[in-house]
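Chain naming follows the written order as A, B, C and D, and within any one chain the residues start at number 1.
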């Protein structure tokens, strides 16, 4: 049994938040990870900031730009994970990073270090199934779950992607980049049903989920929801409180409160 | 979808379907005689092909070395080879039933070419352009609008070409059902690099015929500049394996020892950019760095994956030329031949001049003059006036 | 040296000898197969001829009248038909043993074409240009200098084209032994109007062949703009007497009822300008008046004498188009066909659009797109921004 | 015998000055005509200002521009001649005007009015022999001498031009426009000899004659000299004196003095 599965609290009504390493500071990333776990997170998606984040909308792009500005790197992001564990984060942590930083770091080095640093998974949004074989082999060899994505237009590839998925399967709610959407894809339920038919791991849905209603609806169809841009915005909203030592705890409390509102339907 | 170790489709899952759709349609189209005929018809009756093949007698005589021929892509409608590809892809988009095209642009040349073919074929057109480039290229922005295109300012990242490309891809992901993304060079995920090469190879095919008609046989060397690399691939591809020495020229900017250059193959390392495995300029953690060249068309941190392959397999030799050398070559070609090349193309001219001098008068070379310099006149003017002030 | 009552050689005695020398050399050259072959060789391998012949399908469909074809002189090297003539005359100058050419220019197009062929043929080049035009056309001035030409500012008279022409003639009188005066249009004393027409008729000759190939037979009407009139004569000449209706379009500027126009045939009277009897804009005592058009290329107070003759003998119909109509036509052609014409050429487009609408779909017309609009982008931009401010 | 010949004081060592009608004022043109006669002029060349004077250098161009500015026209220039006669000018007067004003005025009207206004000749620099027939017929019909020009490069046309010349024959000293020249054409003597062989009228040489030495030299080879730009410059130099009523006479005296210097070799 993988560490991912061992650390996973539950496999239904999962909540998978995304934070950007180093946004607004590395220390706050650790605190935020803990706060999210306290708020009910089942898996933490930990982003590595990238100069050219093709799959992301403006909110996550800007978070990445801020984090790069702060000197965040893939190496430093990995080193945050043991700190998070020390702080008490016991849920699975999945590193989110684009393909080019992975290549420069070295695939094997990366998964090895992830393992050593108590991470559980890796998500690379721009490595589709067809380009993933080498990375998957390295990940499997080191017990790191390579998280796969599947999209509404994946069609005949849905089966192939779902069957080889590990950790959880990330379903893209609708075409486009990450970020809030006013309306959800109306065909989402049939898409998710199709995915679930072929998947042996929990199925989570992400991209554009930002309201209490949307979380509730998605929990009806899927095993979990991934929330990214909305979390970034909540953190942005509390940034000035978080950055001052005397108001930090207050700020974290308010983050927790807002996340509860999102989840308590 | 690979050229040796390079190429591929490193894209978000949502783009896999539209890329497969394009690949399937392209394969079908390239086997359809009507499509090929329509493409050739537009190249001829609209774009002005075949472009001229000029013997540069004065330049040849002044150097006293190899005989120099010029392939005149500067004579294409809209002023550069870019149109060949834009026509091809827009015809494909129409065949696929798309009603809108989107495109990225840096200096505006591909944006203008895209807006042009969109107008000609009755398609809607959106052009993504970095805010910094919009400011620098006011006239090209107006030109695109005059052609009926919508220009969408991009404020992310460095606000230049790389970011305009990112933004075009992001937009496309959300709108791929009715929009076609018309990439301007042999970059991006498969099948783009192959497709753009197939639409640009007309340059090399014509050159082969024209050289045969004028001189017989094959030239000794061929020179073409490389940014993304579409004019170079278009020129080189039909000559691969023929024994002709092929030379691609990158932009060395202020010098490849300085941090300010765009010499991707010379100084870059393998990685992924815009969905493709190739060489690129990046830092140790894989963050893409800003390239520099006085030429807006060579100012790209990546390079087409087929060039990476041709470099690795030593089928093409890649050299680099500085801003100063390129500008000097503009002056030389203007004064000897009455042709003001684009700054991009001047990189090829500069390297060709260096090498022609050392060659025998019995040998001959071809330079691909990929575009005209009109678009660059104010840059060139500022450069020479700047030089003059410093007593050069 | 006459076209009916028009043409002739109204020049100072000192110019009679050089004109006779040119006439004799020209007659000889036009009978020499090698000269003709050299001319055609340069047009093809350097200038990019034959220029394309484009069916304007979208414009045709949007008007619902005659089928519209475009002769694409905008695709010539340097961007207009001007090069045809510059090549022809420079080859003649070289044959005559001249080592230097001089030229006049207004907006700079003929100056650039002259500087270009001078560079290509290894001749020295001086370009006379009014001080006012030098200020307005900074980039073209730089372009000529880059091509190695000397630009000589003219401060006499109105400091524009007319005065640059006067000054070129004055200079030539003193230096006719080693200098050749390369006139840019079908104006000036005999044999210039005939010579320039002979070098430009390639436009009409090609059009005839291309139309025959595409449609068979002859078009119903042909449209060309007229300033000095070289693109129009080049297009019309091979069609004279064939029954094709030929329409020349002058610049009506702010309206032919206003004093600001350049409609020489419509509003001028016969007289002498630059050595030739023709129509011109003048006051009651024969002082030449300043013409006006938004187009620097049509902004000339005279017109080629052969046009005066074709007008008088009713072989060509002359119409006029205002600034506003021409600019609107630029927008229309850009949006429907992806071709931004020069403001000059847009006058022909505007008249053609007016007439095509009233014609039958079985009829067809040809518009001579004499040059590309790139040179005019800032004028066009200012115009539309100005219009936008006024709520249009 | 024509009025031209009747009024001509002598046919050797002739001095033929040029002034521009209306420069600086019409009244001064009358005074200047008289002063020039007093200084030894044998023929007066009276210029009509033209917008596009192709054969003229900058000095005469500028004089023309000033005169047009003052409202001078061909009609007003002709009307100056009777005034000059009244003032005492008895030498032949030749109107100098370009071809286009002649055409607009009407050839016949012009020569008729010239005759009526006591002019003797007409010089049109841009009507060469080949284009002159109609004008010549009108001129002859009204007893006006049409002055012909001949140039060093006229070659085989020299004979034809010289043989039909009337009044005097205007020999252009060297190629170029009117205006001062540092050096005279070294082949001028053989050119003038050739002209004189064919001419039955006095032969005068013009273009670029501006110094005492040049006048002396030209008088050796030709029957007369035409001086234009130099006269304009002399008048320009005295313009401020001439324009004031109280210094006008003084100014005219100085003009006369300077012309004497030019002629007294």
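Simple rule for what comes next: a residue touches a chain if its C-beta (ideal position, glycine included) is under 8 Å from a C-beta of that chain, and two chains touch if they have at least 3 such contacts.
Quick caveat, the model's predicted, so the values are computed rather than measured.
Engineer: Distance from the CA centroid of chain A to that of chain D, rounded to the nearest Å?
Structural biologist: 98
Engineer: Could you work out how far the Cα centre of chain B sits from that of chain C, in whole Å?
Structural biologist: Chain centres of chain B and chain C, defined by C-alpha means, are spaced 34 Å apart.
Engineer: Suppose each chain is reduced to the average of its Cα coordinates; what separation in Å results between chain A and chain B?
Structural biologist: Chain centres of chain A and chain B, defined by C-alpha means, are spaced 38 Å apart.
Engineer: Suppose each chain is reduced to the average of its Cα coordinates; what separation in Å results between chain A and chain C?
Structural biologist: Comparing mean C-alpha positions, chain C is 66 Å from chain A.
Engineer: Please classify the inter-chain touch graph. Allowed labels: line, ring, star, complete, other.
Structural biologist: Shape = line; chains linked end to end, path left open.
Engineer: Once the touch criterion is applied, which pairs of chains come out as touching?
Structural biologist: A-B, B-C, C-D
Engineer: Please name which positions on chain D make contact with chain C in the complex.
Structural biologist: Residue positions touching the partner: 50-58, 61, 65, 68, 73-75, 98-105, 125-128, 130-131, 149-151, 153-155, 157, 161, 172, 175-177.
Engineer: Name, in rising order, each residue of chain C that touches chain B in their complex.
Structural biologist: Listed in rising order, the residues of chain C that touch chain B are 44-48, 51-55, 58, 72, 74-75, 77, 79, 115-120, 122, 138-139, 142-143, 146-148, 330-331, 334-340, 374, 377-378, 380-381, 384.
Engineer: Using the touch rule from the top, collect the residues of chain B that touch chain A in their complex.
Structural biologist: Residue positions touching the partner: 8-14, 16-18, 156-157, 162-163, 166, 169-170, 173-177, 269-275, 280, 282, 284-288.
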